[in-house]
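Single-structure report; data block below.
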Amino acid sequence: MHEDIKKIISDIKSLKIQGARNVAKAVLKALILQAKYSKAKNSKSFYDEIKHLSLLLADTRPTEPMMRNLLERASGYLYEKSREYKEKKQLNRLKNDFINEQKNYIKKIDEDAEKLFAYGARLVPDGAVIITHCHSSTVTGILKKAKRKNIKVIACETRPRYQGRITAKELAEAGIDVTLVVDGAMNLYMKKADLVLVGADSVTSRGDLINKVGTSTLAHIARMHDVSFYSAAELFKYSIMTFYGTREKIEERDPSEVWEKPPKRIKISNPAFDVTAAKYINGYVTEVGVIPPQSFFTLATQKLGVKIYE
Amino acid sequence: MHEDIKKIISDIKSLKIQGARNVAKAVLKALILQAKYSKAKNSKSFYDEIKHLSLLLADTRPTEPMMRNLLERASGYLYEKSREYKEKKQLNRLKNDFINEQKNYIKKIDEDAEKLFAYGARLVPDGAVIITHCHSSTVTGILKKAKRKNIKVIACETRPRYQGRITAKELAEAGIDVTLVVDGAMNLYMKKADLVLVGADSVTSRGDLINKVGTSTLAHIARMHDVSFYSAAELFKYSIMTFYGTREKIEERDPSEVWEKPPKRIKISNPAFDVTAAKYINGYVTEVGVIPPQSFFTLATQKLGVKIYE
Amino acid sequence: MHEDIKKIISDIKSLKIQGARNVAKAVLKALILQAKYSKAKNSKSFYDEIKHLSLLLADTRPTEPMMRNLLERASGYLYEKSREYKEKKQLNRLKNDFINEQKNYIKKIDEDAEKLFAYGARLVPDGAVIITHCHSSTVTGILKKAKRKNIKVIACETRPRYQGRITAKELAEAGIDVTLVVDGAMNLYMKKADLVLVGADSVTSRGDLINKVGTSTLAHIARMHDVSFYSAAELFKYSIMTFYGTREKIEERDPSEVWEKPPKRIKISNPAFDVTAAKYINGYVTEVGVIPPQSFFTLATQKLGVKIYE
Amino acid sequence: MHEDIKKIISDIKSLKIQGARNVAKAVLKALILQAKYSKAKNSKSFYDEIKHLSLLLADTRPTEPMMRNLLERASGYLYEKSREYKEKKQLNRLKNDFINEQKNYIKKIDEDAEKLFAYGARLVPDGAVIITHCHSSTVTGILKKAKRKNIKVIACETRPRYQGRITAKELAEAGIDVTLVVDGAMNLYMKKADLVLVGADSVTSRGDLINKVGTSTLAHIARMHDVSFYSAAELFKYSIMTFYGTREKIEERDPSEVWEKPPKRIKISNPAFDVTAAKYINGYVTEVGVIPPQSFFTLATQKLGVKIYE
Amino acid sequence: MHEDIKKIISDIKSLKIQGARNVAKAVLKALILQAKYSKAKNSKSFYDEIKHLSLLLADTRPTEPMMRNLLERASGYLYEKSREYKEKKQLNRLKNDFINEQKNYIKKIDEDAEKLFAYGARLVPDGAVIITHCHSSTVTGILKKAKRKNIKVIACETRPRYQGRITAKELAEAGIDVTLVVDGAMNLYMKKADLVLVGADSVTSRGDLINKVGTSTLAHIARMHDVSFYSAAELFKYSIMTFYGTREKIEERDPSEVWEKPPKRIKISNPAFDVTAAKYINGYVTEVGVIPPQSFFTLATQKLGVKIYE
Amino acid sequence: MHEDIKKIISDIKSLKIQGARNVAKAVLKALILQAKYSKAKNSKSFYDEIKHLSLLLADTRPTEPMMRNLLERASGYLYEKSREYKEKKQLNRLKNDFINEQKNYIKKIDEDAEKLFAYGARLVPDGAVIITHCHSSTVTGILKKAKRKNIKVIACETRPRYQGRITAKELAEAGIDVTLVVDGAMNLYMKKADLVLVGADSVTSRGDLINKVGTSTLAHIARMHDVSFYSAAELFKYSIMTFYGTREKIEERDPSEVWEKPPKRIKISNPAFDVTAAKYINGYVTEVGVIPPQSFFTLATQKLGVKIYE
């Protein structure tokens, strides 16, 4: 394997590369490098090389649907193309087409993010009070675009890792009025909120949202006060395995994140995520527009090119 | 003022004396000392001395209804007695009666706590999963009494000051199965809970509960899952001024509790309490028994000896 | 019957005298006049005179619990006193006592109202947005007292008779920031409201509120947004017959109030009141303090001197 | 022990005597018999005899709060009286007073029931559709009194023992329009119901209702449709031990009631009761009037003569 | 511009032409006239003429998605066709095709309405009590078709402009049993309702409904009683800009509609619309069938021929 | 008509053939037989024969959307093919194609069921407590597949016909931990449940579920406790007539099923089904995957090949 590809793999593993979009772009770059340095003699072995690397890349992060979906999409593209260019002499054309397709997609990831920010920013009412949780560059992207609307943001600190502080810092630096509060204070601030806006780790086929623990608590509290609850999520956040019934697993993280040196005999539970049912979500802000949660899987399926009826 | 009284006042102010019951007992001790060392020549000036000290003591903690109610009760007792023992030579008898009454009450505070613990422990179902918030010696008193029932406790860490850790430590040392979780995880654990049990800073005339911020979030989440929500509160936690319409003030504490050195331009809001409406509370565990929230003010009014119709 | 008494009766009937408190004071004045001009020869016939007049007065308004309760109270007082002063020569003393008692009560009605206003005003948070319905001098009394708190009032116009306009006018003249909206807009404004405050026609033994049609709609909408809902009601608004199971009757008023000359074949329903269940009410503001709806009947029963166990 | 008393005890045990009121009257009769045939030489040993019999009688039915409360009341009465009539020659007077008191109470049980029926009947709206569950002679007593109001009753059959059929039969014989439905159909009929009315096995200090399994399901469904839910319960149904925190135990009955000869390996759970939280109950219909669930314990405590503050 | 076209524009502006369908048909007629009288020399300039007129027509009513969608559709059709018929001599064929397409669509508007009425009428249960709000010819169209089902309609008067009276009159003339009530009485009548049926000003991409103020209040009250809530809306009511995140603006109308000559200092707020979230809506009745709110944008997008992925 | 076809028709009518899938397979077999023994001379008359038989078969069960949808699909297939093979000599090819298509579909029915079972089994959490109602081979198919997950099943007995016993027996024989309870006990067991899983008689265009009476009660109770509610339903359970507005009729079955020989004058209502609104359903488990209720009609429409815009 080429050194540059190894570097990408190790950077993802060591969290040097972070954020769903950055990871996705990095794995596409790895595929491009592989195509460039490939010594495959025919389309079959080229496809195998790419497929093999894809599996390695997918393993760098067990739960990143966006990256997995893009790797899947790339293999699918190559498979179709390789049937089209069957002849040997077409191998270079195949590689070039594959490289260009991935380059375009890298650009498209950022273009799609910009579209999503714009759609989200329009959704924010003038002078709105917005509650958010954890840190999501998709959410901060929207809020920065909506800055002119004179918004006020309440950021929950998001224990145990305080990602709410990252959100607060980023927004404050962008000149947005932001207040940090402890997670338990949600109910106190919800009364005056116009909107809850959170990111997404992944989205199930029923439109349920998998996101940082605390999200479902926030969504329940929003419902109690009939405040709108939106999640900003690219369609590639779709977790296709949930369509086939697989349950979302709730990762249990290291207890020391919650309490570094706890006294004996105290158990500490530190779940990474929770599930917010579609019924608590008003809509998803995506790169194609603002959609009801129940349509997420239809649109994502189309974008991924997955066929429902075989 | 006698040195021992000064010591009590400074110990309360410096938080050496903590917990609603301990503070209450300390101020009654101060009254006893005052009575012992009093140089008052007649019942009128004796009453004035006690009243004056009471006001000083009440000022040591602006929000401690239990202490305030007991000081009020002591003055009331003295006022009635001083009308009974009008003659000068009865002054010593008056002092003695007053001292004995306070001594009895100090004992009664602990006896009442024991009763409350017993009532609360009976309320806990066998094998119950109980969620609690913050630290309350009344709640831990109940849970320790209910230990034999094979209970499991989920303690919310209670940011910003992590009092949930004190609860977890105390229960673990008592051999109770306790799990500490971050506040945002409430909703995830509520599904399997049998009971929510919290303490009380004070209780309003409508039966609303003033308690550590996060309590009302917990109560709303409990309602969403139809889980019983109880608060353990001595009747002296009654905030009589709410009967006369005064709103509960939500103290705003130092932001450094939430984030010691935050970057610039980030506002931090750190409310100490929130209000849980009576409609979210199944009952209060008190020293006389387990009662509906709407009866709290009637029973507390009777115990305090306050007359509703003048 | 004395002319002045006849005048009072006709003024109540013709609505020259309006408002629960004014009507109550007027009937007590009528009793005083009767006592003054009475030619009764003994306490028995004096009692009969007063009782007879009471029934006439009660008939002037079929649904005014406050007036009825005060008439009932006056008879009860006279009955007890007449047993005390059995001898003939004590008749004048009896009349005088009776007259003084009623005079005191007339004064007390206004004093109680002032207390209620003060308790209610304390309950209003600083800078609060308050939604109200119909017109109630008890509500406007509170709001005027709370004016310094920099409140904003949303008055629902209260079709069909637009009493919301009276409220809006009275508050605007008092210098309060008031906005009039149509009744259907309730839900739109509830999101930003801190408090709903309405008056009371009567209160049942379960703590349910009988008030102008639209009140229960407002209460349901408040619950959907978890906004506090209070009613301002003197304890004499208690409808004792509901304790004995009698259902509240919903008066059906003239259809022309809704549409003066409707086309043919259209039915028009114009109910005067609706019932708001206790579970939607956070508390009642009364002359003794702010209480949970479930305590209304206990306190009212005590004030009225009704015995629960015969 | 006298044969007649033995007969009463065996009749209660063999279910020849049924229904809370009938059992209560039977045990009072047993006390009267004991007093008549007593050979006690002094008030102390008479009291011991009565107390001993009371314990035997209480054991005939482990869960009948009404009977237990009445036995408790009888002992209390005797204790007070025996202190009054200390002298030996007063023993007969003591016995007579005791007998008369119990006789009066037997009459009062029926008089109280009649009052309760009347209060309940007034509560039923004209032309109402009423859903009921299981069989309660208190409920059928009310419905028969309300017959003239042109009511329609939906009786849930109440598996496993079909007591709904007894209700349906009794009402049909009384000429009331009654429809029997399976328990699962509750939701289908709730949309058109005006009222749910059930009986009560016992009532806790928080106002929660212990009643035949299925009652809490009915109450939840009523809440979903905002239909009023009432329980008819004499104040003696109060379970005082719940005031002292003791949990209501849910009796598990014989599985053969559900399925006589089930195939192997199928577990059958057959709980006798469930608990309906006070927040789902609009009111209790009692012999003193219609009250909020939160007042049940206050009024019952007063009627029982229990002191809250010792 | 031709006089007949000017006439259409002025008739729409002066409200001589009213109702979403009538306005839509009028603007298509205007396009036909323009095509007939067009002096364009080539397809490019013909397209420009039509596009220019379309913008003028769209401006006659700022908020009429149906008209806007049809104008958009007409331009789209022309654009495609003009690429097909590129040659000059095909210009007449192009005009004719365009004219015929619009004529067909005018007919289709009415045919679609008829289909919608039929689908809606089937949805109405026999003997149903239906609550409606404001006036919508789509709703009255359905109700008239459902007349044989022996329905009863409750029409809310819909302050400030009393459009409920228009509904009541139209239905009464059609022989339907209709009762007019004030808007505040919603909650009183909901208990006995089977269905709420309203029209639609526009529908967002999330399936939210923009409609006359009071609609969201009605929807919340329906949810409280678990009564089905449907909106009748042609797919062309879809507001495509909400897909791209744009918020629905709530037009603020003239205060004199609420109170012609109000006293000084009273603010009057008169919002024209409110937003009912998809979660409160059971379904939309459309010309293709009865659909969940979440599918509205998918079907509307297909009908409009908008592509989601560019 | 061939004897074998007659046999199939009579077996369906006499309930010898039961279950939606078995009935569907049987009618396809009947079509195959008809094609085999057909004496039609041209494709037109062959189509007529098949269409005629389809109508006869559809009549054997008035409410079986799966069978109806498959018959409809078969006719549609034949219609298209017969236009393709117009020439006479192609008639045999047409018959063969038709027979093969039906044979394939019979196989596909079972394959689809297996897929559905697999998707559903993945959805079940490890160690889950699952509540179910009535008997559905689709539900038991899932549960048996999920057996290794160490599940516990609560089966409601499902009065009046006790189909819950069939479920309990089938699961117990498969070695699954199953507990049978009466229907009224739902609320008691819901507190500890992780999932409710039921079958489906049919599904409406809004995603509402038509299923055995008691299902909607279960769904409402699940919502009260925020427990997930899923229905297992093949896409062919789609009731297309609801798209066109037709209401689901609730069949009223024989009262003797509820009470064999009831006393006189008791009405018995025995509805077969009830309707569970989409808002109470988290998702449907189908043969293509787990989907939100709102997508059921889209996917079913595609599978059926129905065109939405004609």
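Here are a few things to note about the model shown:
To keep things simple, chains are lettered A, B, C, D, E and F as they appear, and every chain counts its residues starting from 1.
The definition used in the following text is that contacts are C-beta pairs under 8 Å (C-beta built on N, C-alpha and C of every residue); 3 or more make two chains touch, one makes a residue touch a chain.
Because the structure is a prediction, the values reported are computed rather than measured.
The chains that touch both subunit A and subunit E are C, F. Across the two candidate interfaces, D-E and A-F, the one carrying more C-beta contacts is A-F. Between subunit E and subunit F, two chains of identical sequence, the interface residue sets overlap only in part, with shared numbers making up under half of the total. Work out the mean CA point of subunit A and of subunit B, and you get 46 Å between them. Centroids of subunit C and subunit D (each the mean of its C-alpha atoms) stand 37 Å apart.
We define each chain's centre as the mean of its Cα atoms; on that basis subunit A and subunit D are separated by 60 Å.
In subunit D, 220, 224, 226, 279, 292-295, 298 are the positions where the chain touches two or more neighbouring chains simultaneously.
Working note: touching chain pairs come out as A-B, A-C, A-E, A-F, B-C, B-D, B-F, C-D, C-E, D-E, D-F, E-F. Looking at the complex, you find that subunit F touches subunit D at residues 133, 156-160, 165, 168-169, 172-173, 175, 177-189, 213-218, 220-221, 223-224, 250, 258-259, 262-271, 274. Listed in rising order, the residues of subunit E touching subunit A in the complex are 204-208, 220, 242-247, 277-279, 292-295, 297-298, 308-309. Within the complex formed with subunit E, the residues of subunit D that make contact are 191-192, 194, 224-227.
For subunit A in complex with subunit E, the touching residues are 118-125, 226, 228, 279, 282-283, 285, 288-295, 298-299, 302-303.
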